[in-house]
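The two complexes that follow have chain A in common; it is paired with chain B in the first and with chain C in the second.
On to the complex of A and B.
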């Protein structure tokens, strides 16, 4: 009810104006989240309406445009476009969002469950090729968690040691653990290493196994720390051209080793070729990583233990060395280089007895250059001790906290109804498991369900099918003259039912051209 | 005191309005005479003229200046009224507000009810002698959901209520203008060139450089406006706002040489020659959303245009859109030539069969070239078949194999493809033609809604030259 007892219609903006006056003015923002979905005429009329009220109510219109401003404007009337004064706000690109989501939720320390490399690759690939929004990725991730914690009984082992021992752990759990692949390979490895007692105890003594399981949590943390530390350091070198996700996948699958060449972590040459200034920058970045960690991974650096202090000391010393070397070479007015840098190798041509000889010569290195080379070697050797980890699947009990099955995910998120129908209809025996169709193996026999027989006939037919011919073919297969020996009436009933089912599934429809024909609909 | 029968409108008031709205003096005088209760008040009045000729503004200003004890008015803008009922209620509300009427009826659903309400307020209430009420319907020809009897009914209002003047503001003159002569019409013609220049030069830009006098600037601006009108306005644009917009855009470019001190204010013809390119550019008449540059907080990679369609769509959607373009622009009969590998082993593109054969002379029908006809509709299944056929060639990474007529492996028809189609449809890049039928119906007809430029860019972003796949 407005002033003077007037009642406004539901769509009367006058009511809004009165309300706004009561609130003491302000701005009305109308957001069109999915502007492409709106009818163009409707948007035009709304803009016109808002424009006519502009002197009384201050309207701002916010359009979410998924394509481009040009396309959006092309859809509007010119008169409408003239009434809009626009400003453009770009959203962050989907790839950047995806990377940060993966860093925080998949790779970060807060993630309880490791998504295995195979599944992760599939998820990321689907994300890049099929889906634009990050929502699908998040729900896939949730589904993976749900699958793991509902379907894998060993996921119970993820709880705290104390509680695990007293309340949760059952004898069956231990039995299940002994079935695991990682358990078997661990035992085999112990036997090969000659630790026979250890292997025997693992197999026979439940308490010993429990102790091992309890220690696993700490080992997992240790592994994660090392993994993230290596990745953060590799990224800090800025020599790797791959994205974080690719590096992470490779690390889980094959482990990290700087010696492997060629490989995703093949950084040796790049590091060795760096100039003194680059090396100093590299050392600085590495120190930052060691001290502060990587916030987007929720990883807080190496902490304050002996290793960390030793690393910082080492880096400090190296930096001081290199800086001193730069100073000295500046005084001598020579440029500092190492034996790895490309300029140091000179291709020399000499003409001896009308023959050209090519020889590779190492340019003479000064004392400082040699020292610098030593410093690089030193740095790289130390860097190698910090960077490196095993593949995920090598770890004892990795099945407890790794999830790498892509079939459930595909069944749920990327269903293939067409192919599923086709398979079920062409090989119904695989699903029914009946004795009568044992020998069918995908071919057409009379014992198959009527719909399936019709499907087989259908796949052999052309674009339009004569129903009488279809019936004749069907009856020849199941009729009185065949092994089945069905009488005509019941065969006809089954035939009609099968045809109705085919139509319900969208395989055929009544042809408009010929009265007694049906048209084939599914080609793909 | 007796009221004189005829008395011209107050000159003082008129001169104020005339000054406010230059070049509209005849119209203002006519309107004032027809509205002023002591001059020649009429019952119905039609004011018409194209957009931006000052109809509404002058009416509003004139009525506001005439307002007094024995003269009231209300203006109803039809654009603001969503239904006819909304219009009636707005009229009642505005009239009640104007005459300070207390007991307003809560609803008003029809014209007859409107007549009753207005009669209550204006006819059966004691008003001062010579009282007139002017009711303005602005843009009544654009009223939504208007019954076809609306205009005649509103015109009858003043016959029932003697003290009412109804004023209609329209874009075009009423069609039966010459058949019924009893309604006065007032035409607001578009401005002529001298009028345009007079109006625009009333607000000249600030002096170009500190050394130029305002007179010099005004002189140059006037000549600039004249040139602008000749080059743009006459052929393409006739409204004041678009000319104002054009002069605002062009003026800084025009005076650029003066600011650079290569030319002086006096050298008008040289300046015109320098700025000729801008004068020929008609794109500034095309209204844009006048975007300010994007205000992003972080731009991770400035080289990639983030608003580019190619970078926003996922790969599959891009392939689908390209397939749709091909399906829309290639005739069906060339599909076998283009996409089948069955007979030839290698593909023949660009209409392999037509090469080398002479056309028959004297054909009966001259066909219009297909590409001139725009995008054709295609059956969804055909597009999917094209997509399947070209996918392995365009994207070798998606390894799949065909077995038993069913494409297996990575590239089967899975739900992601339907999702991509749905995405493209919701972005209006693919449009379903004809109503009815489900979106997933393979027999449904579709049409691509993007142009050649977009598709070419899209194709290049995935390494496909779309030209090679088009028959014509």
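On to the complex of A and C.
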């Protein structure tokens, strides 16, 4: 019903106009998903109609195009195309979106909680395997935070030092801390290193432990800085073929070490093989990272402490060296190379007395070349001091700020209802814990609930089930001749109930093939 | 031999035309008089069969079938596809035999060879077994073949014969394989011809009536041996209420699944939520419980009750949502029983609920009773819901309002549900109908009983006896029950409405009428009607 009691037909756009006026104006957006599959004639007519109403209702049309705009336009009538005034919006690849979300919300400095590598891998895998959208990932992430702060009492230790000490920390927290795996390994490590006092104090002195806990926040920040710095530098080399997410997972799980070979951070060879120009580019990028950090990680670089200045000085010196070497070699009209670059080693083939001889020849290196090789070595050695961190699980008290349990996540987001129903019905003891069905252990006994017995019989039966036989089998199990000794009518009531429940759960349906037969619908 | 082949093809092409004439078994002797070209063809196919079995075209085999005597039919099986496997087996057997002989001759055996030899021996022995089996089969078929055509020659149709042989071969694996993965089991159990179920029916069992069901189930529920365990299980679920409430407050929706009725749990949760609302302080939380299992549930009704709960002036979905947005102090908690019930499976309903759930001030917790609930929602709807799934297996039995046990089972068994029971019901219905309706029904019952007797005991017990519509109409006109087909139809419709007759069409399109009662019942009805 429109204003003034006028009644509009279902397809009258006037009704829409009145409605829009009531809502205070605005646009009407009509989206065509999968435009290619849409009938072109219909699109043309719709566009014409929208166009004629354009002065009263502001229409916007949104086409999802899988091919190209040109192809789409070619399919439309000229008249239709003329009525459209369009802009093209490119869809961002889901992976790119996911990566930027992960960089900001999982890996970045602003993330309070570290999502452990196992869970992160699971989450990313689910994104790739199921078409779930980034929303699902964000939900999962949120749920991980919820879980951590809801279920882990030690998450309270993430509060800033002063407040933690005075208000929140309870003796139970300390006790819990002493139970942690990372605490135990830390103490064991201290004993091995001969720091017996430290280990004793940790174990016995609450205040000492409190002090350690308070220092934890700073250490965490330090670790995080180093981790992100390493990752940013590794990415800046542009030699790693892996995506950021993979690198991040590997860093958390195994730590970062450039010496590991083969490994995700096996960059040594690639860096050493670089040409002088590449090396200069590399040094420049590394300097940018050190100074400015990586904005998508919310990491602001190394800051302005001594280390950072030393790093910048070192990089500047190296760059100057290499540039000078390039100049001299240009003057001498030779090409600058290092002993690592592939040109330096040549396979030489010589034909001697109709036999081919292969010989490996080390091309002679000039003075500049040697200097350049030294520069590369120097750079790599220094680069190694900047890049590297421990695995997350090695850190003392990592349990406080790491969450890596995938069970709750899987249960809650990727349920397996089929398995749950099958388990409940085939092994009710798992849920009920009753004494009577204890011995059953997944087999069929008369004490099971009626539906469970029917389910057992059902899973033994074929595609078509004779209800009369089903009833006979059921009654043989619980009837007067069995241990249960139920009378026929009561057994029948339970049988009815079980059958009705099986039907409600979608296990069986009516079958017209034979009298009193039902058809099986589920194979769990 | 290309020229010969062309004649073969010609003959094969001619065969289908000749076929109708040869279907009569009494024409079999004519085989001797077949034209020479056909004779040559026979020889040719036989020759071809020996070196390549695929040459036999379908039409050729059809010809053979039509003219073959039973014994020849066995021969036919010989060139049918199953036999190719046999041929392969035989050649494998021959090879393995040769291998065995060679080995014996050469004498020396290395370890490897010994193993090979075992395999060869196995092949040899297994095919021997099979052959025995086949021989047995052949004999049996011979017997069948000899007896059948002599006693009932007209029944001897090649198709039939084939069927018996195929079932024989399938019977070779009588024990179903155990511990198959579910999908394999599905294919195993759905093999055509495998469904072997007995012909037993529930006819000897007095089915439950509603009254009996309810009176008995009341006693049974108190005697349930698992009662304490079920209460304990429920208490475990209750202990996770704070978690659920927390999850609701974080703008997730909940979906509780698992075996058993979750109505009571949801009610308890509602009670919990009323004292611990998921919304922040200062917001008024309204709780609405929707019973999805109610058959009469409609979207309009649902929206009306939601609108009245939040005192929204409009009852449309956008109206309610915009009302909530403009009143940030009001929050709405929807507890929905059985979201997957058949009455709510329409896409529109699910999308409305999901749109509601996506609103920041709406909290949704729903339960589901079937394991397939995930199929209800496409990705857009699922994204709106933001579900967290919890296993909430309760083992509670469903309340009568949730599940119509007796009706459901009778529907499953193909019995008429909610029909007026037996002869009392029929009498009750007929009492309210005019006199000619009564006469028509009496006529119908009489005819059905006659037909039943006439047919003897041949029909299965579960089959309802039916009579031809046209014949009943003619008789009704004869007995002045009705004068026109129109009037006749009107009377029948009345019976249909009360579900005391059913009608269907047979393969030839003849309309048949039948009565959904057993023979004894029918006799009782007839007695009642005539007195």
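Simple rule for what comes next: the second predicted complex is superposed on the first by the 427 of 524 C-alpha atoms of A that agree within 3 Å, B and C clash if a C-alpha of one lies under 4 Å from a C-alpha of the other, contacts with A are read in each partner's own complex, and residues count from 1 in each chain.
The rule is simple: contacts are C-beta pairs under 8 Å (C-beta built on N, C-alpha and C of every residue); 3 or more make two chains touch, one makes a residue touch a chain.
As the structure is a computational prediction, the values presented were derived from the model and not from experiment.
S.K.: Under the stated touch criterion, which partner chain does A:518 make contact with: chain B (first), chain C (second), both, or neither?
M.R.: Touch status of A:518: second partner only.
S.K.: Identify the partner contact of A:247: answer first if only chain B is touched, second if only chain C is, both if each is, neither if none is.
M.R.: neither
S.K.: Touching A:434 in the superposition: chain B (first), chain C (second), both, neither?
M.R.: After superposing on A, A:434 lies in contact with chain C but is clear of chain B.
S.K.: In the overlay, answer first, second, both or neither for which of chain B and chain C A:267 touches.
M.R.: Neither chain B nor chain C is touched by A:267.
S.K.: Have a look at where A:415 lands relative to chain B and chain C in the superposition and call it first, second, both or neither.
M.R.: Both: A:415 reaches chain B and chain C.
S.K.: Considering only touches as defined above, state whether A:81 meets chain B (first), chain C (second), both or neither.
M.R.: After superposing on A, A:81 lies in contact with chain B but is clear of chain C.
S.K.: What part of chain A is shared between its chain B contacts and its chain C contacts?
M.R.: On chain A, the overlap between the chain B and chain C contacts is residues 131-132, 413, 415, 417-418, 522-524.
S.K.: Enumerate the contact residues on chain C facing chain A in the complex.
M.R.: Touching chain A from chain C are residues 176, 182-183, 185-186, 189-190, 194-202, 205, 208, 212-213, 216-217, 219-220, 225-226, 229-230, 232-233, 243, 246-247, 250, 252, 257-260, 369-374, 379, 383, 386, 388-391, 393, 395, 397-398, 403-406, 408-409, 411-414, 460-463.
S.K.: Which residues of chain A touch chain C in the complex?
M.R.: Listed in rising order, the residues are 131-133, 135-136, 139, 142-143, 146, 150, 411-413, 415, 417-418, 420-421, 424-425, 428, 431-434, 436, 447, 449, 451, 462-469, 471-472, 489-490, 492-494, 496-497, 499-501, 503-506, 508-510, 512-518, 520, 522-524.
S.K.: Where on chain A is chain B touching in the complex?
M.R.: Residue list for chain A touching chain B: 4-9, 11-14, 34, 36-37, 45, 48-49, 52-53, 66-69, 71, 73, 75, 78, 81-82, 84-90, 92-94, 96, 126-132, 413-419, 422-423, 426, 459, 521-524.
S.K.: Would you pull the chain B residues touching chain A in the complex into a rising list?
M.R.: Counting only chain B, the residues touching chain A are 77, 79-80, 82-83, 85-86, 89-90, 93, 96-97, 102-104, 106-107, 144, 241, 286-296, 298, 300, 306-309, 311-317, 381, 384-385, 388, 404-408, 412-416, 419-420, 423, 426-429, 442-443, 450, 454.
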